[in-house]
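Heads up: the structure comes next, in C-alpha cells.
So that you can tell them apart, the chains are marked A, B, C and D in the order they are listed, and the count of residues begins at 1 in each.
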Amino acid sequence: MTAKVGINGYGTVGKRVADAVSQQDDMELVGVAKRSPTYEAEMAVEKGYPFYASSDKYLDGFEEKDIPVEGMLDDLLERADIIIDGTPKKSGYKPRYEKAGVKAIWQGGEDHELTGLSFNSMANYEEAYGADYVRVVSCNTTGLLRTLYPLYRDIGIDNSKAVMIRRGADPWDTSRGPINSINPVLDIPSHHGPDVKSVEPGIDIQTTAVKVPTTIMHLHSNIVELEEEKSTQEIIDMWEETPRVKFFDASQGVDSTAKIMEFARDRSNPRGDLNEIAVWKDAIKVEGSTLYYYQAIHQESDIVPENIDAIRAMTELEEDNMKSIKRTNNAMGIE
Amino acid sequence: MTAKVGINGYGTVGKRVADAVSQQDDMELVGVAKRSPTYEAEMAVEKGYPFYASSDKYLDGFEEKDIPVEGMLDDLLERADIIIDGTPKKSGYKPRYEKAGVKAIWQGGEDHELTGLSFNSMANYEEAYGADYVRVVSCNTTGLLRTLYPLYRDIGIDNSKAVMIRRGADPWDTSRGPINSINPVLDIPSHHGPDVKSVEPGIDIQTTAVKVPTTIMHLHSNIVELEEEKSTQEIIDMWEETPRVKFFDASQGVDSTAKIMEFARDRSNPRGDLNEIAVWKDAIKVEGSTLYYYQAIHQESDIVPENIDAIRAMTELEEDNMKSIKRTNNAMGIE
Amino acid sequence: MTAKVGINGYGTVGKRVADAVSQQDDMELVGVAKRSPTYEAEMAVEKGYPFYASSDKYLDGFEEKDIPVEGMLDDLLERADIIIDGTPKKSGYKPRYEKAGVKAIWQGGEDHELTGLSFNSMANYEEAYGADYVRVVSCNTTGLLRTLYPLYRDIGIDNSKAVMIRRGADPWDTSRGPINSINPVLDIPSHHGPDVKSVEPGIDIQTTAVKVPTTIMHLHSNIVELEEEKSTQEIIDMWEETPRVKFFDASQGVDSTAKIMEFARDRSNPRGDLNEIAVWKDAIKVEGSTLYYYQAIHQESDIVPENIDAIRAMTELEEDNMKSIKRTNNAMGIE
Amino acid sequence: MTAKVGINGYGTVGKRVADAVSQQDDMELVGVAKRSPTYEAEMAVEKGYPFYASSDKYLDGFEEKDIPVEGMLDDLLERADIIIDGTPKKSGYKPRYEKAGVKAIWQGGEDHELTGLSFNSMANYEEAYGADYVRVVSCNTTGLLRTLYPLYRDIGIDNSKAVMIRRGADPWDTSRGPINSINPVLDIPSHHGPDVKSVEPGIDIQTTAVKVPTTIMHLHSNIVELEEEKSTQEIIDMWEETPRVKFFDASQGVDSTAKIMEFARDRSNPRGDLNEIAVWKDAIKVEGSTLYYYQAIHQESDIVPENIDAIRAMTELEEDNMKSIKRTNNAMGIE
C-alpha cells in the first residue's frame, strides 16, 4: 500500500516536501498545485510532477509558457489521500479539503486550533496515527523539540529558556528586511514556548526572540535546568543517539551559520539544505544541572522530514515512530 | 517680509525641512501636520513647532500622549502661504491645497505632471519664481543635476551615463530589504534620466540602477562625454566653485559611503546628515573628453536646501538663485 | 581646581571623550594625540583641540596637510594630570604613563589585571577615588551594570542570564563582517559575566553572545531571578530613577535598534549617539520573581560618561558618585 | 589517453575543480592537496579523492582526525601531468611546479605576467594548446568575456563600459565586510578592463567597480557601443547560441541575484552553483548601436568550466575549443 500525496502550494515548503515524497517508496506524489506560472512551475513539470492550477486566474499564463496543466486543485484533491498544505498562512483551504474528504497537513504558520493536533516525529507520532488533520509545528519549534524532547524524556527538565536569533527573510525573499537593525519581538515571552507545549505540554519553556539581517538559519541560545546533574559527555552521548540532531565543531572550521550552510553545500545536500538541527558540540556546557548550548535551524528545510513522518502516521502506513523516522531519513540521506 | 511655511507630513523630508525653515530668517514655520502620535510628534512639540493633526483618526492618541494639537490640517493650510508636502507619494492633497489657495511644493516621488515644474536650485530657479506648484526632484536626480548641470553649462555634455547603486531602505525602515541580494531595475534605461531632463531638457543622459543591502547613501558611477577636452584639474576647479558639491579624499581615510556618514557625524551635522553631494576627488579622471567620477548622495537630506530655495523663489523673496543658495547654505551650515 | 585631561588615541572613544571633557566646567582638555593625518585630525584642530602626534612616523603627513602639531605624546603626558587611553587594545602605553607620572584610564578592551580596578559610576565610584589607574569596562558590561546594579542593590539578584546579540562592526568599519551570518561566541559562558563581576563580584550572571550583521547597537535579552517578587511597575519605577537608563516604547514607533538610533538623531544628540542604555518599557515583564527585559546598547558612546565620572573620582574633584553623575549628565545633555 | 590532474589548494576553486575533473571521462583526479584538517579535508576523503598534505605543519592534526594522508605535495606533483593551483593569490608555488616538471593553471588572483597567457575558452583556447602555464582569468573578467567576446567577433565593439557591483565576501567568509556601506574602487578605471585585454586585446573596455554588502553574485551593468546597428532580437539570438550564457526573465519571477541563486538551488546544481553567466533577457535593450544589459556572475563557480577546458588544451586532449566546451558542459550539466 502506498499513500497518494498531493501538494497544495509549491513554495519553500511545498517544493521540498514534493521532492521528499518522491524519494519515499511507500508514497506516491499524485500532483502539485500552484497559482502562477513562475519558473518554479516549469521546474515542477521538468521533474515530472503532475501539475495542477490552484486558481483559474493565471490559466492563460500557464498556456503562454507551455506549462501543461493536468487539472484544477479540486481534481488534485480527488486523486489524493492526503494533502500537504504549503500555501501562505491563513489561506483557509480547510473547508475544501473537508468537502473533498481528503486528509491534510498544515505548517507552523497556522494556529494549533486549526487541527487541534500539533506534531513532532519524536514527541507525539502516535497521536497523529490515523488522524485527519495535523499541524507540523514551525521550524523553530521543531528545532526546540528535537533537542529538548530527549532531555525531557530521559533526564527531566525543570525549566528551559531559549533566546531565538531569527533570520529576517528567506534567501529568495528580497523585499523583506531589516537591512541594518535588530528587531526584538516585544511580546515577552514569545509564542514559541507555548508552541512547544502544544506538542508536549510537560516541557517548561520560556522564549524571547529577535530578528536580524541574515537570510540563513535561525540560531538559538538555550539554557536548560535539568532535573538531575549530568556530565557534558552524557548530554553529547544522548544527542548522538537522537535522530535529526547533527554536531558541528569549531575545530573543523564550522563556527557560524554561514559555515554550516557551506558544509551542507559541500555535502551535496539538495538545495544546500540541512534537515538536521545543528548543535555546536564544543559549545555544549553543563554546570551542575544547568545545560547551555547553541543550535542552528535551517528554516527552509528542517520540517520536511516531519511532514513525511506525519503522512506515514496519518495514513497508517507505519505505527512505530522510530521506524518511520529511520525510513524517512534513509530515503532523504539524513543522519 | 517673511514666508509663512507649513509642513504636511512629518517624516524623513518633513522633519528636516521644518528644521531648515526654522533656521531661515526670512521664513516662519507656522506649523507641522502629522497623522499619528509617534515620538516624532512629541519631538516636534518639544522643538516648539505648532502641531496640527492631519487626520481625526488618531486624535485620541494625541490626547493620550499629551501632545497638544493646535488644529487640523485645514487650519494649517489657512495660516500658511506655502506648504511643503512630505506625505507618502501619490497622497493626493493637491485639491485641498488648491481649495485653500495655498502654494505647494512636492517631492520627487510625484510625477512631473502634477506640477508641470520640476525644480533644481542651480538649473532652473527662475522658472519657479512666483510659481504656485513645484516639484523638487528626487534625491538621485538632485544629485545628478548638482554635478552635471555645471558641466552642461560651462563645457557642454555630448552624452552622459550613470549607474546608480541605491540603498535598499532608509536607516529607520526595518521592514524593507533586500538583506542579501542585488536587485537591478530591469526597465532600461531607468527613470532617472528622463527625470533630469524634466528640469534641464538639454542634458543627454541614460541611467541604469540597482538596489543593494545598505541603508546609507546612494552611489553613482558616472561617465560623461564632454563637448571639449578638459584636464582633471579644470573639472576639480569647476566643482570647487559649485555650491553643494563637496570633495572627499581616500587619503583622508574617506573611502566608502560609511566613512562619509562618519565624517558628517563628526562634523556635528544635524542628524548626521550630508546636504552636499559627495564627490571623491582622487577618483575624478579625464581621458580625452571622457570624464569618470563617483558621487554619493545622502538620500534623506540632499533635497532639503532645494526645498528652501524653492520656497524663496515661489514666494518671491529673492529673484537671484545664487543669492538664495548662499542664504540657505549659510543658515544651514552647508559648504 | 580643574583636572587637566589628555587623550591618547583619537578614534571612536577618544574623540567622544574629548568632546565630553570640553563640556565639563571642572575639566580642561589639554590635548589629543593621534598617529596619522586623517580627516579626524583635521577636525580635532578645527574644534580647537591642542593636537599632538603620538608617533613621529607620520609627521611629514601632518605637515603636508597643514595640521599644526603642538608636540609629541610625551609633551602631552607632561601637561596632563590624567590620560584617557583610547588606543587599540593591548597597545601597551602603561610604562610611559608611569614614567611620566600621569594617571590613566583604559577602556574595556584591556584586561582587569592591567589596573586591578574596573569601574562603573553607579557600582563602585568610591573605589576609584584618588586611584592612579582605572579600567572603564566595555560597552556591553557597562550596559549590564546600568540595569543590573540597581536590581542587585535594591532587591537582590538570585541569578541572571543575558544573551548578547552583538553588532558585527562599528558604522565606519567597512572591512569587518559578517555580511550574512550569525557567529556565536563558542566559549560558554562568554567573558561578559566575569567582566560584570570584576566591578561587582556579588552579581551572579552568566552570558552567551552572538555576532550579527548590523553596525548599530548591541541588544541584550535578559532574564533575572530576583530575590523577592516584584511587580512590573515596581521595576519600572526603579529604573525610572536610575541615571543613564532610558525607556522606549513600541507604541511610539520605536521597536528596533534602528528606530532608537533614529530617535537619537532626531533628538540632535551629538553624532546621533545614545549615552543612555535603552530599555523597551512595554517588554519588561515579571512573572513571580522572574524578570524579563531587552536592552540596547550604543556601543560607541555608552561608556563616555563613565570616563568622565572616572576622571572626577581619580582626580578627587568630587567624592559623591551621584553628584558626579548628575554633573556629567547635565553637561552632556543625558537624561 | 587521459590527463592526470592534481589540485593544490582545496578551497572555493579547488574543491569545485576537483569535482568537475572527476566528472570528465578524459581526465583522472590523481589527488588534492590541502594544508589543514578542516571538515573540507574530511569531505575530500569521503568523496574518495586521494588526499595529500601541502605542509607538514598540520600532519598531527590529520592524524588526530583520522584523515588518511597519501603523501606530501611533492608526491602529488610527481603523479600529476598538470596542477590546478587554487591556493591563495601570490602563494608562489611556480618554482616547485617547474622543478617537478608539471604543467600548471593559476586563477585570476595572479597577475598576467606569471604565465604570460591569460585564458578564456571562447576567446583564445588555441593559444593555450600545449602550453605549460596558463592563468584562467577572474570570475568578473570571465563574465565580461563570455558576453563581450561574441559581440566583438560577430558585430564589432566600438567601445564598452561596465560598472561592476561586487559582492563583499563569499558566503562562508564571515570575517569580511562591509556590513552597511558601498565601497567604491577609487582607481579609475578599475583593473578589469585591462584584464579583459590580457585575453583579447582588441576589445575596448573601461570599467569601474564598487563593493556592496552581499555574499551572492557580482552584477555588471554594461553599455556597449557596437560597430553596427542591431536589433534587440539579434543580440538575443546571438547569446542564445553562446555557451555558458543563460537567460533569466523577470516575468518568471527571477528579478534579483537572490532569485537566480534560488533557481540554481531548485535546479539541483551542485552546491547551488551557477557556472553560466546570467543575463536578464527582458532588460537587454538596443538603442541605435548602443546596447545595454545586466549580467550576474556567480563568483565561486563561473571559472570552473574554463579550468577544465584549459586542462584539455594544455594537455593536448582536444584541439577544437567548441568541442572541449561541449564536452565540459555535457559532463557538468551546463547549458
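Some points to look at:
The definition used in the following text is that contacts are C-beta pairs under 8 Å (C-beta built on N, C-alpha and C of every residue); 3 or more make two chains touch, one makes a residue touch a chain.
Predicted model, so just to flag it, every value in this text is computed and none were measured.
The chains in contact with subunit C and with subunit D alike are A, B. Taking the mean Cα position of each chain as its centre, C sits at the greatest distance from subunit D. By count of C-beta pairs in contact, B-D exceeds the other of the chain pairs A-B and B-D. Centroid to centroid, with C-alpha atoms defining each point, subunit B and subunit C lie 36 Å apart.
Inter-chain centre distance (subunit B to subunit D, centres taken as mean C-alpha positions): 42 Å.
Separation between the centroids of subunit A and subunit B, computed from CA atoms only, is 47 Å. For subunit A, the set of residues that touch two or more other chains comprises 171, 173-174, 178-181, 183, 213-215, 255-256, 258-259. The touching residues of subunit C, counted against subunit D in their complex, run 168-169, 171, 173-181, 183, 213-215.
Only residues 161, 163, 165, 178, 180-184, 186-189, 206, 208, 210, 212-217, 219, 221, 223, 250, 255-259, 280, 282-283, 285, 290, 292-294, 296 of subunit D touch subunit B when the two sit together in their complex. Across the interface of their complex, subunit C is touched by residues 15, 36-40, 42-43, 171-174, 179-180, 215, 252-256, 258-259, 261-263, 265-268, 270-272 of subunit B.
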